[in-house]
């Protein structure tokens, strides 16, 4: 059963529409990550879920209730903010117990709940402190503690890790995931960082310009992006995208790109011959061997286990991720092999994924 | 489809109640107390006074409607233009004087020094003491040829100046006292603005080879520009509407040289018992101020 | 210009400069205080700034022979009252202006500017009639109300400027935690507004404590007069008694001075005129 | 919230009670039937005046338990605003004292209840004969007695005998001698004459015009400020003193108190002031002498004087009680002189003996100056409302300041004339 259901949700400020009719079901216990570049409407969507923004049109259901006009306090949700939003004039314990005190829970219940949450998050020794006496990571934990204490139906996270340094972010990422595994509360998590999305989510919802671009399990999105946007957004380093035209020769198909190379395609593309497409190949699916793709090298970036080669093909930038060590002189032209089974083809005009006749048959 | 999908939207609920329950009324409720007192203390009297300005009312009775008579009489009266002239001089000199003094001291106060907190309060004293008190003491210091000021002047070999007897000196001293009374506010506000400037801007400027003077000119001033404009506008309003300084020091004299609009309105209303003209003067003041402020704000926005 | 690069010597040099500036600027006040410890004859006789004799005669006179301490008490009532009213009204309105948008709010905010320009002399007669009808002349209530309104625009801007510095997310968190919007204001925003409210309070108090014109119309009875009005009457009755006048002036300054010393670290908040743009 | 309000109200009440008891010196237990009257008295003297007046009121209250009068002293600054706002808002007192023309002006506004009945009674029992001749009639306006005289105020010249002696100057008898003496006395930071720029200063102008047989109005109440040559001549005389450098240069900016202090300090030899002023002079009191009335160039004498009075307001709810008080006050106000040392000259001749007792200068003024006193209305018999505005509005002060600044009479006078005309036209 869906814990959260959003139907045809729209949000506009005056004439400016931010969300263009978004529909989304979130099943109970799932960890859903809304991801997208800034301004895509993901935060607005989350805030509407929380009741912090009014609904222009459409419906939001949480549990069995339509909550469009319900106050945040009556939605049975908890939210963790980007800035943590800890009340500076309250101690950690007071911060965490605030919602329970508002509900006039008995002191015994409050103490029990706060203790439980503090233990889960390792905050027990920090309870008498004030937020200003805490480090960034500790504050982050208190913010989560405040959410946990309430036993809400839904957790909402609004970019909770973006104020932390890189190392702490990785650590907290794992902690949040662990927490979710332990509590199994439905969670909606907003981030602009696709790695966070990939590592934490049960399901990722990629948003762009106030619409859902694609949703699915992390690896599903990685393996089969439906649009150029998703293809470029998910994965790091991001997918190489080369413009070209579908050509055929001797019954095999390929895409002819700017520098004249014809990049190999698998399967039957006869329907698309002559069409302008975007040829997508992830950096890790390019290797040494055949000369499928001749790249003019700009920079070599060795990281130890891998070597990243940054270069250009025609006018397009290309990244190659080699599992081996390599050393090329700048401006040298190097040939690489493409793993044809991992090629993505998109309509150059609409940006949507194109499928060869054979692949289609395979999929069904 | 899930269970919830079957539920129909809550069409029956009244939208007004909904609006109320959502806390949308809150901003209006928050404004209510101040709106009510403003309504009682300003709006009602405002329209009443507007009505007076078109009549020949006295303090005791509402007079006949005389159209624009009060206004036309005013604009052709010497006293009005005399008050206009002094109001402009007073406001202009006060704003400029306060700004220069206030900014200078704010810059000094923005530097590290021992006992900074004490200086901050000490420099606010002229602002925090009642006008009646400070003006009495100023009067005592300047009124006479052997008063403190003149003692000092004579100490340096000057001839005593009769500050309150000469038109120009009287204007000077009224402006000086007004600056003295109001610069601390300017200083305080500018100090807050200065403290709000990002220090890295100065570091960047220093790396770019800017001298202190250039850093002041190209970093400090632009950063406090908006605050400065607002402060100067406020100061203008407060100067034009200042009653205490000229009234308590000179009563507008000598020979009306320190009579501003408020004093003139006061004189008409309370001494000549001519409420109509008194009200008309106040409205002319209000209109002049509004036109000035609107022009300044528009220019600020364009710039 | 790095502000901390001053050497120790430079700081003390600056200190010396500031001492001179403070002395020059506060010269009139120093004169008042110094002369309050001399009898009138001594003041008139030697007319020097530094007292040659030291006596408490003037203060004894004020204590025993005049209503000065009643004025002081009235002033505290009036200023305290209008401070409480002003801070309450201004904080609510300032919060509304800081957090909400809409045509009503923008009209209100513009109206504040006009009120700021409004010459209060215009309103005095109609107001006097109203408050007379309510039998409130010589009572602190009308004065408190009028003072509240007169300083309301600026107090509101100050409050708004301060609320603008408090992150909205705090209230949103409170709302999610179970507060209504108003509760969030009361329980989260207001407790955090101490410094800002302190600044607004000082401003309100100062304005009311020092105001002369409105008070002189409404407070006629010697038993209801505030310090400035009483001082003015004092100047009539004891016109040539400079000693008592200076002593009264000194005493009049003390309450605000103490108040300022107490809250001096907050006063710069009051000057966040950046928020005054309306 | 509610309880707070109640507390506030109770404190206000407590205030009022406290104030009432402290001012009246009576217990708050006055019964419900007692009539309460508000009496506003101007401050007619030094602090001891207020004490004397309060004591008289206390005596009245003791003598009349059914009438309780509340005394309040009104400062001179903004007195006009005080009364007019009070009248316009319905919070006027029952009785007040007032300077020269306040009664007629307020009468014209409809605020005054004439004392006709009371004065008829006083006439009948002969009490009215006690008043200085003409003073009661002066306050008759529109066929009503708008108020009852209590004190006469007058301006006269004082000089410092020691200064004159040191300079070898005889007290001047004519304007010409005065100007010459003033010039001779001006040296070493001392000046012949000191004046002020306030209302007290404008009395220099009024007094000298009347001294010269001039005046602001003719018998038909027409303004003759600049058309009467005697006025111009008088102003030219003052102007000449300024031109000679004999006038203290601080004069235009001085208040009456500054002027007095300067005169007492011996920095000027002549000053125009009210009777009794030497009593404030402390140690130098004996070195202040009254200058005998001077003759103008045409042989005239004269100076400005006012009949100050006590009046009843229309808003009073108890006219009988108010009349009782006015009459009682009028008959029992002698301590204002004997204890309060007011500078006024009693309107009742029976008070004169006690008032002037042991004070030769005071007696001299009563004998020699009162007879030559004239009102601002001058040639017009009686007084009229606009006089109050003419004197109080600031036109004359401006004229005075200009004259003392050395602005030529021909430049200053027309402006003053047109401003006064504007007031009269209204």
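Here the chain labels run A, B, C and D in written order, and each chain numbers its own residues starting at 1.
Note that contacts are C-beta pairs under 8 Å (C-beta built on N, C-alpha and C of every residue); 3 or more make two chains touch, one makes a residue touch a chain.
None of these values were measured; they are calculated from a predicted model.
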Query - Remotest chain, chain B as reference, centres from CA atoms - result: A
Report task. Could you grab the centroid distance between chain A and chain B? Build each centroid from C-alpha atoms only and quote it in angstrom. Result -> 54
Report summary line: Whole-Å distance, C-alpha centre of chain A to that of chain D, is 91
Query raised in the report: So, what's the distance in Å between the C-alpha centres of chain C and chain B?
Result: 15
Query raised in the report: By residue number and range, which residues of chain C touch two or more other chains?
Result: 124-125, 180, 232, 235
Query raised in the report: On chain B, where are the residues touching two or more other chains?
Result: 23, 59
Query - Residues of chain D touching at least two other chains - result: 78, 81, 85, 88, 255
Report task. Provide the full list of chain pairs in touch. Result -> A-B, A-C, B-C, B-D, C-D
Query raised in the report: Which chain D residues qualify as touching chain B in the complex?
Result: 78, 80-81, 84-85, 87-88, 109-111, 189, 197-198, 249-255, 258, 262, 389, 392-394, 397-398, 401-402, 404-405, 407, 415, 419, 423, 426
Report summary line: Within the complex, chain B is touched by chain C residues 1-4, 6, 11-12, 14-15, 17-18, 21-22, 25-26, 28-29, 31-32, 47-49, 85, 88-90, 92-93, 95-96, 99-100, 102, 104-105, 108, 111, 113-127, 130, 145-146, 148-149, 152, 154, 156, 180-182, 185, 206, 209-210, 212-213, 227-228, 231-232, 235, 242, 245-246, 249, 252-253, 256-257, 260-261, 264-265, 267-274, 276-277
Report task. Can you check the complex and tell me which residues of chain C touch chain A? Result -> 167, 169-170, 172-180, 183, 188, 191-192
Query raised in the report: chain D touches which residues of chain B in the complex?
Result: 56, 58-61, 78-79, 143-145, 162-167, 170, 250-256, 267, 270-274
Report summary line: Listed in rising order, the residues of chain B that touch chain A in the complex are 2-5, 7, 9-10, 13, 18, 21-23
